[in-house]
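Okay, so subunit A shows up in both of these, paired with subunit B first and subunit C after.
Here is the complex of A and B:
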């Protein structure tokens, strides 16, 4: 039982990192990416390869994963600088679909559909550690960085860009640099989560990095509340406990649990957008009309 | 000869893409709603047709049922989801998430009730015959091309000659002025959703006859429609239809150079390139967004 909860908590921490970092792009910078799972995947593959080929050190894997995901975030920053709104969503969807094909075809790097197996458990300075404390520490660091950054001038610039890009530009803010940095921060965070995920599961394949996963992460942010520090974490915990909770409901046939769970979360997304668009944690006056 | 075969196949798929994309473009152009659940109208129509045929209904009744279900779905989603969100001035992303939620619900409901995996309707139309040496064509090819051309003709006539069609184009250009003339933008939006969703039905039915349906096909259809709308240029039905056709052909022809699994990626590469280099699309008016 304890192992079960430790596992659940580790995954929870990893998804909290994902939701919190996506929130930096979506909630603060107004960059509505539906390709977050791509960078999660890049981090996972990078971290897995480092562990498999070099040393199974969690810190090294996380740093490499963050660098890889952060560098490739340029693929997302490029359209973010060109277009806004629906167009950017479309571009990120395109990126997501291409990445899934790449992940399943670049067999030497990713193991294709079969994925990478036998990833060693995380070590720190040669001592084997459990994923949970490492993940929690990473989450705490990322939250701290987010809180500090968003309170400072960088965060205010981002929010200004979100609420009025032309106005921010007129005030002399470097819009391109701020957007690119926000995307890089979000994607690097997703990379860290990916490395942790790879070492925790000891196995990764493309299934964890598809569009559904991106939408799940996005739903966590939206349901919790965009642009708030705690909202994404609330969303992540709710959506992750949903399958665990449904498993205890006797009247749902076990083959349909997955479908029922999907229906519930689809419905939750729709109803929440209709009745409470600012999310559970967000306050009602905000989040109404900034696009 | 292989190239010709692929080209013809691409044309058939492209014609169906063009129809769904035109529906999506019509809705987006008139109402400014990025209707991400458009694929669900397609799936619902396709499965209605499938069930109707399996229940022994003649094909025209099944087809009609498909069109009716798609139209009702379009009207329903506008009335119960998009209209309330627009009333409190929800941002486009609110609309996107809500629509995505609907798409997930529909996909899983169909998966639960119709079973998962591919299902198709076998008709005499879908049997291929050799028309040229090594080139096989089913009659459904001519049906797909003919039906698309006919529907486009009707749609163009409707949008240019009929009062309601002209009003729809006016809604796209200036909703405030439209209201000032005493026209109801809600009624016109409903019309756009009805017509746009109905356009997905013939494509869905023909897909059910040819390559078959699965519960997740709505996803793919939605992505293709969206890609075609953007590549074609928002607000241009002609552009969306042409781009849909082009994407279908590009996917098929790409098969002669790369493996099957890359076909979908080709579409998105085209979309990605357009968004970065020419966001206004082929026929779009150049405007910064």
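Here is the complex of A and C:
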């Protein structure tokens, strides 16, 4: 039972990182990406390869994963960031679909459909460690960095862009550069989560980085509350606990848990958008119309 | 009279077959208020968009202190000292009033602003001064979206003040203001003029134009039909007929 909850908590911390970093793009900068799982995947494959081929050190794997995901996000996002709003959503959707195919086909790097197996458990300075404390430490660092950045001028710039891109430009803000930095920060964080995921599961394949995963991470952010520090964490904990909680409900047949889960997700999202459009932790007045 | 800060020559821009701006020439001088007056659709806001880089001109030139700003991105033009307001204000609605104004003092897109503690103090001072001059200090922690209409208008002006630009392009800044707010707005503009700011104003309220403008450029169908002092332009019956939509009288 302890192992079950430790596993759940480790995955919870990893998904909290994913939700918290996507929130930098979605909640603060207003960049709605449905391709966060792509950078989660890039980090996972990079971290896995570092552990398999070089050294099974969690810190090295996370740094390499962050660099790979962050750098590739710039290459991929810069052209896409030229478009706004729903056009960017469409562009990120295209990227997500393309990436799944590439992950499946680039067998040398990703192991193809079968994925990469036998990934060593995380080590720090040669000592094997549990994923949970490493993931929690990474989450704490990412949250601290996010809080510091968002309270400073960079946070103001992103929020200004979110609320009025042309007005932000008219005040001298290089919107493209600020957006690219926000995306790079968010994707580097997703890379860190990916490396932790690979070392924790000791196996990764493309199934973990598909569109469903991106939508799940987006749902965590929206349900918890965009543009808040803690909201995405609340969303991640709720959405990850839901399947685990449903599995313990004796009146739901185990074969139907998936279907019930989907109904609850859909219902929760609909009710939230009606009654708390800014999410569970979000500012109540946001998202509602102002006369 | 001093040299103009901004000189535009023959600015033109078409959208499909419609000539929104057709060969507009305009100059803005330090310490002078120029009003762009004309009926709706005359091309006034398009002129602003061409100067600030929000739209690319099909033809023409714009020189800021002798340097071309044609083709520059809007943030580059802003950093060279051209600030603008928008007809629909475009406030950062979910940020506090103070953060709206602070954002106007910070131009670097990086994780930090250059200049260290001294520059930070100067930015803070500029923001607080802008809040004080616009009477928004008491509302500094309120969110922009929660402000009343007149306060929103003044917040838009506070951002421009904090940006420390020497050219202001103001798109209908006094529309919808009551008499007392309009007076406060007028004082703000007169003070900026005394400090040497070159101001260009799009305004439909002719009382405001008469009170504040040193010069008027009358635009219609993308062209400057007349330019001169307010008394001459506003008393011209042909221009009045065009302004009030009676083109037969104008002909």
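In this section, the second predicted complex is superposed on the first by the 282 of 291 C-alpha atoms of A that agree within 3 Å, B and C clash if a C-alpha of one lies under 4 Å from a C-alpha of the other, contacts with A are read in each partner's own complex, and residues count from 1 in each chain.
Basically, a residue touches a chain if its C-beta (ideal position, glycine included) is under 8 Å from a C-beta of that chain, and two chains touch if they have at least 3 such contacts.
All figures in this text were calculated on a predicted structure; none of them were measured in a lab.
After superposition onto subunit A, the partners subunit B and subunit C occupy separate space and fit alongside each other. Once chain A of one complex is fitted onto chain A of the other, the partner contacts of A:181 are limited to subunit C, with no touch recorded for subunit B.
Within the superposed three-chain model, A:143 lies out of touch with both subunit B and subunit C [touch as defined at top]. In the superposed three-chain model, the partner touching more residues of subunit A is B, compared with the other of subunit B and subunit C. By the touch criterion defined above, A:206 reaches neither subunit B nor subunit C.
In the superposed model, the vertex angle subunit B-subunit A-subunit C (Cα centres) comes to 80 degrees (nearest 10). Our summary of the superposed model lists a minimum C-alpha distance of 9 Å between subunit B and subunit C.
Counting contacts by the rule stated earlier, residues 290 of subunit A appear in both its interface with subunit B and its interface with subunit C. Put simply, subunit A touches subunit C in their complex at residues 149, 152-154, 156-157, 159-160, 162-164, 166-175, 177-178, 181, 227, 283, 285-286, 290.
By the touch criterion stated above, subunit C contacts subunit A in their complex at residues 52, 54, 73-75, 78-79, 83-84, 86, 90-95, 99-100, 102-104, 106-113, 145-146, 159, 163.
Partner subunit B is touched in their complex by these residues of subunit A: 26, 32, 78-79, 82-87, 89-91, 93-95, 97-98, 101-102, 104-105, 211, 215, 218-219, 222, 256, 259-260, 262-263, 265-271, 273-275, 277, 287-291. Of all residues in subunit B, only 34, 80-81, 84-85, 88-105, 107-109, 111-112, 219, 223, 226-227, 230, 259, 261-262, 264-265, 268-269, 271-272, 275-276, 279, 289 touch subunit A in the complex they form.
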